[in-house]
Every structure is written in C-alpha cells, then in structure tokens.
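In the two complexes that follow, chain A is the common piece, with chain B as its partner first and chain C second.
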Partner chain A sequence: MDFMVFQYPMITVQACLDGILLGILFALIAYGMALQWGVMNIINIAQGDLVILGGYIAYFMYLYGIHPAWGVIVSPIIMYFVGVGIYKLVINKVVDRDLFISILATFGISILFMQLMNFAFGADVVLANSGYGTTFLFDNAVVLPNSKIFSAFISIVFAICLVIYMKKSKLGRAIRATAQNARAAKILGVDTEKVYAATFGINAALCGVAGALISITFTIHPYMGLPYTIRSFMIVIVAGLGNLPGVAMSGMGLGVFEEFADYILGTEFRIGSVFLLLVLILVYRRFKLSRKREYLK
Partner chain B sequence: MNKNVILYAAILIFGLVAPYVFPAFKVQLSILCVLIVLATTWNIQGGEMGYNTFGNILFYGLGMYLCASVQVGMFFPLAEWTESGGEKTFVHTPSQFFQGMAVGLVVAAVVPTIVAGLIGYAILGLRGHYFAICTLGLGVAAGEISGGIEIIGAGQGFTTPPFPNVGGLEARGEFFYFLSFGALVLTFIAVRSIYSTRFRLILNAIRDNEDKAEAMGIETMKYKIIGWMVSAFFCGLAGGIMGGLVGYIDSTDVAFDGREMGVFMVLMAILGGKGTLWGPVIGATVFHIFKEGFWTFFLGWQYVALGVLIVVIVIYFPEGIMGWLREKYPERFGEVVDEKDRKAQVELK
Partner chain C sequence: MKINKIILSFISAVAILLSTSVVSFAKVVGDKIVLGAAISLTGKYSSNGVHTQNGYNMAVDRINSMGGVKVGGKTYKFEIIYYDDESNPKRAAQLAERLISQDGVEFMLGPYSSGLTKAIAPVTEKYGVPMVEANGASRSLFTKGYKYLFAVLAPANLYLDVAIRTAVELNGGKGVRIAQAFEQDAFSQDVRLGILDAAKDTGSEIIIDDKLPKELNDMAATLVKVKQMKPDVLVVSGHTKGALTAIRQIAEMKVDVPMLAMTHCDAAKLSKQHGKNSQYALCASQWHKTLTYKDNFFKDGMTYAADFQKEFGYDPPYQSAESSAALLVFKDAFERANSFDQKKVRDALAATNMQTFYGNIKFAPGGQNVDKPMVLFQVMCDSSGKCENKVVAPLKWASAKLIHPIPKWSKR
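Now for the complex of A and B:
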C-alpha cells in the first residue's frame, strides 16, 4: 500500500482533477448505454468493445499521418454504420426477448469483436499521440495533459449536442416516444424498427467519439473493452435511466474513485476495484430496497 | 424404469472402460467430465431457478487455487514454491502428492460452498439482469484481484505439483480421468436425487414467479442459497481437479476464465436445454466434440468462432436440444397430448 495520498496533499488535487476529466468520458459512454437501455431494453455487453473499435479508427488515422483529433469526427460516422449493421444482424432478433438473451448475445458479439480486433490490430497497447503538451498548475505540483482537457471538452460538446438533438429533432422525438411506450408509438405511426436501428447507431457513434478520445488521452488494447461496459453499467444504475446530470455526476465520481484506488491500492488492483465497486453498489441497493420489501428489477 | 437402469449401467460401463478403449483421448475425456459437471451445476441456477449467473466461475477458480495451495502448503512453504515459478526445488513424494490432493479437493469443495453461503444472501437478493451483471462483475473482480496477490503467483501463474513418478504419463492420465469421472458420477447422482424431491419444485416455483412463491409461504431466499451452495460445492471440486489436470494456474486465463469457461458453462447448458436433467450433459458432450473437432480448423480463429457460436445458439436455439426434442416428441416427456387438439392445431396452420 502506498500512502503518498496522505503525505502529499497535492496528489489529492491531482487525482481529483484526473478523475473528473476521466469521469466525463465515462459519462459519455454511459449516456449511450442509458439511451439504448431505455429505448430498446437491452444491455449491451459489447459497449466497451465498440469504444475500443472507435479508438482504433482514430489510431489508424494517426498512423497515416492525420491528426488523431479528427477521429472525433470520422470515428462516430463509421461507428454509426457499424452499430446499425450490428442491429440489423443480431440485435433486432433479441429486442423483444428475455433480457438474459440479449446479455448473452451481446457477450458473444463482444468476444467476436475482441478477437477480430486482436487479429486486425495486434495485441499491443497503443496510443495516438496528439502532441498537445501539458499544463502545469500550482507550482508544477499538478500536471494535466492538455489532451485530457480537450477530451473532456469534446465529450461535453457532444453530450450537449445530443441532448439538443433528442429534444428538437423529429427522430429524437420519435426515440423518446418509443422509449416511453413502443406500442403506442407504433400506433401513432413511428417506425419503431427504424428508431431502434438509429438508437443503436447513435449509441455506437457515441462510443466511437469516446473511443477516439480515449486513444488520444489514454491507451487502447483489444481486450480492454469489458471494463468500459461495466463502468457504464455502473454509472447507469447509480444515476438511473434518462437522468443526464446524474450520469455526469456519477461518471465523475467513478473517475475520482478509480484514481484514488490507483494511488492507494496500486495499479494492478485498479480494474479489480472497479468490478468490486459494481458488486458493492448492487448489494447496497439491494439491502436498501429490501427494507421496503422491494428488489432491483 | 427398467430401461433407465440399462441406460445408466451402459453409461457407467462406458465411462469405466473408456480410458482403456480410447487411450489417446484420456485428457479430452477428463475435460469433458469437468465440463459436464460445470454445465449441470450451472443448470441448477440458470435452468431450474431462473437466476442466470456468470459467477459460478468464481467457485471454480477458487477451488482450483485452493486445491493447489493446500497441496503445496501442506508440505512446503507456499511463498517459496510460487516464487520459484515451477522450478523443481521441492518434489512431492507419491504419498505426499495423493494426500495433498485428497485434502486439497475436500478444501476446494467445502470452502467455495461456505463462500456461496456467505455471499448468497447479499447477491441472490438481486434479480434478473442485475443478478447476471453482478455475478459477471464478481467473476472478473476475483480474476483481477487474484492476479495481484503475490503468494499465489500473481501475474506469473502458479504451477501445480507435478504428478509423482509412478507409472509415467499413462498413470497420470488415468488418475485424473477417474478423478473427474468420479466427480461427474457424484454430481449426477446428487443433482438427480435433488431433482426428484420437493426442492426442484421450489426452484421451479422461484423461476416461474418468485413473488407468488414467497406469498405461498416458501422461504425462497433459503432455497436459493442452498441451490447456490450445491453448485459451488461441485464447481469447486471440478476446479480443483482441473487445476491438477492442466498443471498450471493463471488468474485470468485458467482459473477465473470468464471469457472461456465462464461462458462455456452457460452455453453448454443452453445448447442442451435449460431446466432438464440430461440437457446439460448432452449439451456439454456436443459442445466439447464440436469444439475439439473443429477448433483445429479455425486455428487462431477459435474465439471468433466462439463468438459466432454464442450468437447463433442464443438467437436460434434458445430452447436447446432437449427443448427441440420435447416439442417433437412430447409423449416421451410424459406430456399428454390431446389428439383432437393436435389435429386442430394442424388445421389451423
């Protein structure tokens, strides 16, 4: 164990800032998950793998000499079509079925993607260097890479754009109507099949943005998908569906938790602590609800 | 009834002579036995109780680590063993090896059962997909955390004690085959006798409508925990055997291998047919034959094939082989089919 955190107070500031910037990214992924969960009642285990795939798109742009920040524009466009493709091939067959079927089917997709990415891009840990430099705060005690600030800023911009789009556009209204009551929406002339495809596509596009940002700020690796899925699931169950401020807050909270876990327990327990936190949160909520004779469902 | 006795006797005899008839497939047959045990125990949760768990891998991995640790720790300092990374600084004598294995297997079965009982009250209060994701998290967390603990080898892995030099490779294969076959027979008898009691009806009631079952005065939580403990017992046992069979334990690739074994057990049970006694057995056999037969053709592409397989099975065969048979020959499953009704159905079509 490392008690640096208590000896040097500036590390606390550093961890908090890092965590908040990281958490904004998590919140973006979680927002996509909340969207498809709310609309289609599907939990997508392949969410994290879509993120990583989006990251590889940005990474390849970087390899071919294009600045990886453009990946933020290109990656969601490609990922939208990937998402729609997955929907047409698999998801539309599991939408109305038991939730476990969708979990297992997307788990299959996750394994498939993981391995295809491993073949296509190799098992190395890669990152796209944005060359943005770093910012030093408080007499160089706190170091913030500019790419992290950039990625948090872009995430916020995308989230705001999406919220406005969902409020104002025709498709956004159709999506919200379907989320409220799919059958009624169908009766009133909404093509729910199209809405589902678009929802899944938008979710994949959000993952693409997040992935491109992750490839700039952190590292990507074909097998790193599942932790992102679990993080976004955790954020959604803490915040609830359709609660954007809640998603943002719990995303940042999770980011800060992870940074502290990293400092206190050590990097090798970082992912483990995320998964353990999920279990603890679920168990906590289960006991809280069971006092009222209710349960998580 | 008579037919059943003949069937069981035939399977038992086949199981006993198999290693001598197919000496080349001893290891594969041992793995098949372990897979059947895992699928059968998963079926207690996923099939009979309606609690789709990804977390039974936790008990499997726990059993694996415990068995190996006890086997080493009984005679030698564990930390030095793992630090040497399988170098032959310490050698088990045959009697030490078998003693260690026996005690190790008991510990490997009992401790996961206790763990299941302890965490059962907290975890089994969740339902539906929350339970599924929570157990998925539990399995992965166990893998990540055990990968950071020094005394059981951390990321470097844990080499289990090598088989003592009595009878060479043949004896090793036979020993592990009969061990896993014994575990399989034990599991099957236990599960079968459980399924013929009121316990199975209670589990099915929980699956069909838990609130109603509770309202009828059944202490659902008690039965859920007992069901999970039974699963954990046999999962731990299977894990302990598998650890010795593989000879090397890695935290995320062998023990808490949610990506392989954790999914396999779900897949096998679904392929065979959830909620039946024979479904997981058939499913595991078909799956293992398919996997071993065709894996070599997909050299390097196994996981891609696995991903496709999961999607195809889940989407197109959610009822599994037994479900398909049941639909085709309902009489054999003791379902009374009204002839008039069937004709009416055909006419409707």
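Now for the complex of A and C:
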C-alpha cells in the first residue's frame, strides 16, 4: 500500500487526468461491444483481439513510413471487412442460438486470432511512434503525453459520428429497430441478416480505431487482447446496453479507478483490481436482481 | 480392393518398422550424436525461441564442417531433434520426457527462458541426462542441487548488479537512491534480489520498489513517483515490453533520472524502435559482439556476428550467441570424456574450463557459469540519429566511456 497519491495533490490530478483519457479509449471499445451485444445478443470474447489486430494495421503503416495516426482511418476500413467476414463465416451460425454457444464461438475466434497474429507478426512487443510530444500543466507538475490526448479526442470524434449515424441514417435506424425487436423488424422489411453483418463490421471497425490508438499510446502484442475484452465487458455491464453516456461515464470511471489502484496498491494489482471490481459488480447486480424478484412475488 | 489392402498393410508395416528402428538407435547413430531440444517456435517466446534455435544450428553446422567431434578415435557429427514446446512449461516437460524415453536422446540442449528450463530440469535430472542450457538464468535453477544441469550464462541476480556498483562508484563510493520496477516473473524477481543484495552491500537505499504486471503496457504511475522522488538510479526489468514501455513513457513524460538501467534491450531492438529516445539507457547483456573472447570455431564476437548476419540476415542477439556456446561446451566435454557414457560426460561437463567467443565457461557446483561477468552497454546516438550499443562496463571490455549523469530532457 502506498498513499503517496494523497500526500501529493498533483499526483491525484495526474491520476485523474490519465484515468479519464484512458477511460475514453476504453469506452470506445466498450461501445462497440454494447452495440453488437444489444443488437445480436452476442458477447464477443474476441473483442480485445480485434483491437490488437487493428493496432497491427497501424503498426505496419508506421513500418512503411506512413504516420501511424493515419491508421485511425485505414484500420477501421480494413477491420470493417474483417468483421463482416467473421460474421459470414462463424457468427451468423450462432446468432440466434444460446448465449453460451456464442461465447464459446467467439472464445474460439479469440484463440485463433491470437495464434494467427503470433504466427504472422511474431511474438515481439511492438509500438508505433507518433512523435507527438508532451503537454505540461500546472508548472510542469502534471505531464500529459499528447498521444493520450490525441487518442481521447479521436475516440470522442468517432463516438459522436457513430451516434449521429445511428440516429440519422437508414442503416442506423434498421440496426436500432432490429435491436428492439428483430422479428418485428423482419416483418416490416428490414433485412436482419444484413443488419447483423453491418453491426459486427461496425464493432470491428471501432476496435480497429481503438487498436490504432493503442499502438500509438501503449504497446501491442498478440496476447494482450484479453484485458481489453474484460474492460469493455465490465463497462457494458455497469452502463447497460444502448446507453452511450453511461458507457462513456463508466469507461472514465474505470480508467480513474485503474489509475488509483495502480498508485495505491501497486502496478501489479492494476489488472487484478479490474477483475475484482468485475466480480463485485456482478455480485451486486445479482443481489439487486434477486431483491427485485422477491418484491415482484 | 484386395491390392489396395495389401499395399496399405505393407506401408503400415514399413512405417511401424521405421519408427521402431529410429527409437532403438537414436542416441549415437552411426557417426551422429543426436541431441534433443524443446524450443519455443510458437507462442509468446517464439521470437527468442527462434534466436535460440538459430544459435544452435549455427554452431552445429560450424562444428560439423570443421571436423566434428572426436571420440574414441572416431569422428562424429552433431544432430539436433527439435520439438516445439509452444512456450508452455507443461508441454516442455512432456516433450523432454518424449525426447528421452521415446526418441532415446541421451543428451539435451536447453529451451528458451528460465520458466521452461525449470520445467524440463526435473525430467532430465530423473533420467540422468546431461543438459547444457543457454537461456535459463533464474537463480532458483542453481540452488536445487541439480547434477545434470549446466548453464553457460551468468545467473539472473548478476544482471544489473554491475549497474548499481557503477552508480555507487561514480557517486564517490557513497550509497545511491534506487527506484526499481520489476515484473512478477521468476527471472525479473531474481534480478530484483540481485539489486537488493547490491544495495545492501553498498549502503544504497531503495526508495521505490514497484512490481509490474504481466500484461504491462502502462507504467506511468511508477514514473510519476520517480519524477516526484528523484532517485539516482532507475532500474526496470520486465522483458521486452518493460523495456519498450519504459523508454516510451520516460520520453513522453520527460522523466529526468541520472541513470537508467534495464534488461532485454537487444531483444526489444530498443534503438531501432525508439531511436534517439532510447539514448543513454544502460542495458545488461550476457554478451556483446565487441567483447574480445576467442575460440577456434567462431574466432571472436565480431566474426561470429558477421557470419550470423550472413546466414540469418540479422545481428545476433545474445540469446543466439549463448546458444551457440552451449554446443561448443558439449563438444569439448565429449572429447575430454572420450566416451558417450552419460555419467562420464556429466563429469567432464562439470570440469569444463574453457574460453569461447561468448566468454569463459566454468561451472559452479550448482551448474551456473561463474567465469563470465555480465556486461553493460549504453545506447549511444550520433547527431544523425543513428544509434549503437556500446559496452561501457566492466571497464576491461569497455569500448566507450559511460555517459553519466544522463543529460536532462530540457537540454537534449
């Protein structure tokens, strides 16, 4: 235990800012998960692996001399088709089946992706340098890498675009209609098969954006996907489906929580504390649910 | 139909025959000495696993082409049976079992990483199979009383010991304030123990002692503390990702620290991935090509590096060099034992005292190499941004002068 974070007020500010910037990025991944969970009732365990794959796209652009920030545009385009491909190959066979089956299927995809990425790109840890420099605040006491600020900014831009798209476009309306009632949507002429494929593609594209941002801010490695899946799962559980402000809030909350856990408990408990929080939230929700049920009785 | 069946049964009979004949002959077949190795060709250690395999292959080719191994007046050639352990300790132990009891291998080469060596050592020990390993440095390997395990590399606790002692020396013999961050794995924790010992010896104080998770990609918290507490030395060990993350975030957060010491820099290709940002970092290494050790097979480090580059197309990391050295040790031991008896070879290995291009090799009773110090190199860049690793400590091998303290970010 280390309470330095409370002794030096500037560290608290630093932790909060770091956490919020990080949380916005998490929220973007979580939003993709919430979208396809809500529409297709599928929990995508391979979410984190899609993120990492998106990161590799940006990394390869960087290797070939293109600034990795362009990955934010290129990566989602490629990932959209990857997502649609996965849907056509696997997901469409499990989409209206039991939730357990879809979890197993995406778990399989996750393992497959990990090994394929390891095979194709090697087990080296890699990163893409943006060369963005650093912002100093409060007389140099708080330091924010510009790459983190850039990540958060891009995440917000994409989230806003997506919200507008969902509200205004024809496909967006079809997706929302399918989420509300797939059967009714079908009867009214919505091609749900197409909607599902597009939803999965959009989710993969969001993962692609997040992956490109992660390769700029952190590091990527074929086996680093799972923590991102867990985080987005947790954010969605807390926020609920189809609740974007909720996803954003709980994303930032999780980011700040992680940073403080890092300072107080130590970096080794950072991911551990996320898992612990997940368990606590699940137990709490169950508890609340059972109370409600009793009340209904 | 009938003919098909006959052909089928014929083929299977031949197959069975072939497989049994391989089993019954495999230790020394004809003029071949067959060594076994489980190597991480897939999974998270696959890049270092490949370095290890390349090192082994390079030495096998070289020894074979230069006359092979002479035992009892006859010349033998090395051959290695490889299996992929998928970077998984359980799998590695199974494969060791399989190499020994099914393939009949009587001599083993080590896998990559301390963790996998730890998994294999009990198996080779059980069967009395001598194993020369080149990539397991964890101290705990050498305290279990293994009789058949020999490591050509220096144990993990010595990795960054030199750094602390150098810092103290530069501080006029007074203790320094150390900040450290280590991953939670066997290797890094051993490096940490080494630092604790060195700190105790030199009267240094450890002011930050952070542990890093396996899924590390953000160590901003540690660095904020470093900024606040201003230690004299920052030590980081967390495999490749630790080194990469540390350099990225130190540069981004403009953390000023007089000395930065790390492990796994060459595996991380630090200067290639980070360029000038990695400048002045001190890295612990088992070997560096500019060291002037010599042997008859690879001549010296520079020649080895050039030959390796020609064959595999990249500069050899120390993981390859030490793997090559393992074969030289085996050859030397076979010739001195003048026999393929496992006990005799084991005793000959224990009595090894030789110089290779990789360094001097002499085993302590625990099996670790006690005759080869670690070297520290510093990443140095010229004005055009081209970076190179230059050995700075110990002084005997130094090819450049240590730059200390590291210039502040505002002055770079």
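We take it that the second predicted complex is superposed on the first by the 293 of 297 C-alpha atoms of A that agree within 3 Å, B and C clash if a C-alpha of one lies under 4 Å from a C-alpha of the other, contacts with A are read in each partner's own complex, and residues count from 1 in each chain.
In this text, contacts are C-beta pairs under 8 Å (C-beta built on N, C-alpha and C of every residue); 3 or more make two chains touch, one makes a residue touch a chain.
Since we're looking at a predicted model, the values are computed, not measured.
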item: Partner chain in contact with A:L276 - chain B first, chain C second, else both or neither; value: first
item: Touched partner set for A:G122, first chain B, second chain C, both or neither; value: second
item: A:E268 touches, of chain B and chain C: first, second, both or neither?; value: both
item: Partner chain in contact with A:G108 - chain B first, chain C second, else both or neither; value: first
item: First (chain B), second (chain C), both or neither touched by A:F287; value: first
item: Contacts of A:C161 with chain B and chain C, given as first, second, both or neither; value: neither
item: First (chain B), second (chain C), both or neither touched by A:I237; value: first
item: Contacts of A:I43 with chain B and chain C, given as first, second, both or neither; value: first
item: Touching partner for A:L137 - first (chain B), second (chain C), both, neither; value: neither
item: Chain B and chain C footprints on chain A, overlapping residues; value: 115, 118-119, 226, 266, 268-269, 271-272
item: Contact footprint of chain A on chain C as seen in their complex; value: 42-48, 87, 181, 184, 210-213, 215-222, 224-225, 227-228, 239-241, 244-245, 248-249, 252-254, 267-269, 273-275, 277
item: Residue ranges of chain A touching chain C (in the complex, touch as defined); value: 4, 8, 11, 14-15, 18, 22, 115, 118-119, 122-127, 129, 134, 136, 143, 145, 147, 214, 218-219, 221-224, 226-227, 259, 262-263, 266-272
item: Parts of chain B lying in touch with chain A, wherever the complex brings them together; value: 52, 122-123, 125-130, 132-134, 136-138, 140-141, 143-145, 147-148, 154-155, 259, 263, 266, 270, 300-301, 303-304, 306-311, 314-315, 318
item: List of chain A residues in touch with chain B within their complex; value: 43, 90, 93-94, 97, 99-101, 103-105, 107-116, 118-119, 226, 230, 233, 237, 266, 268-269, 271-272, 275-276, 278-279, 282-283, 286-287, 290, 295-297
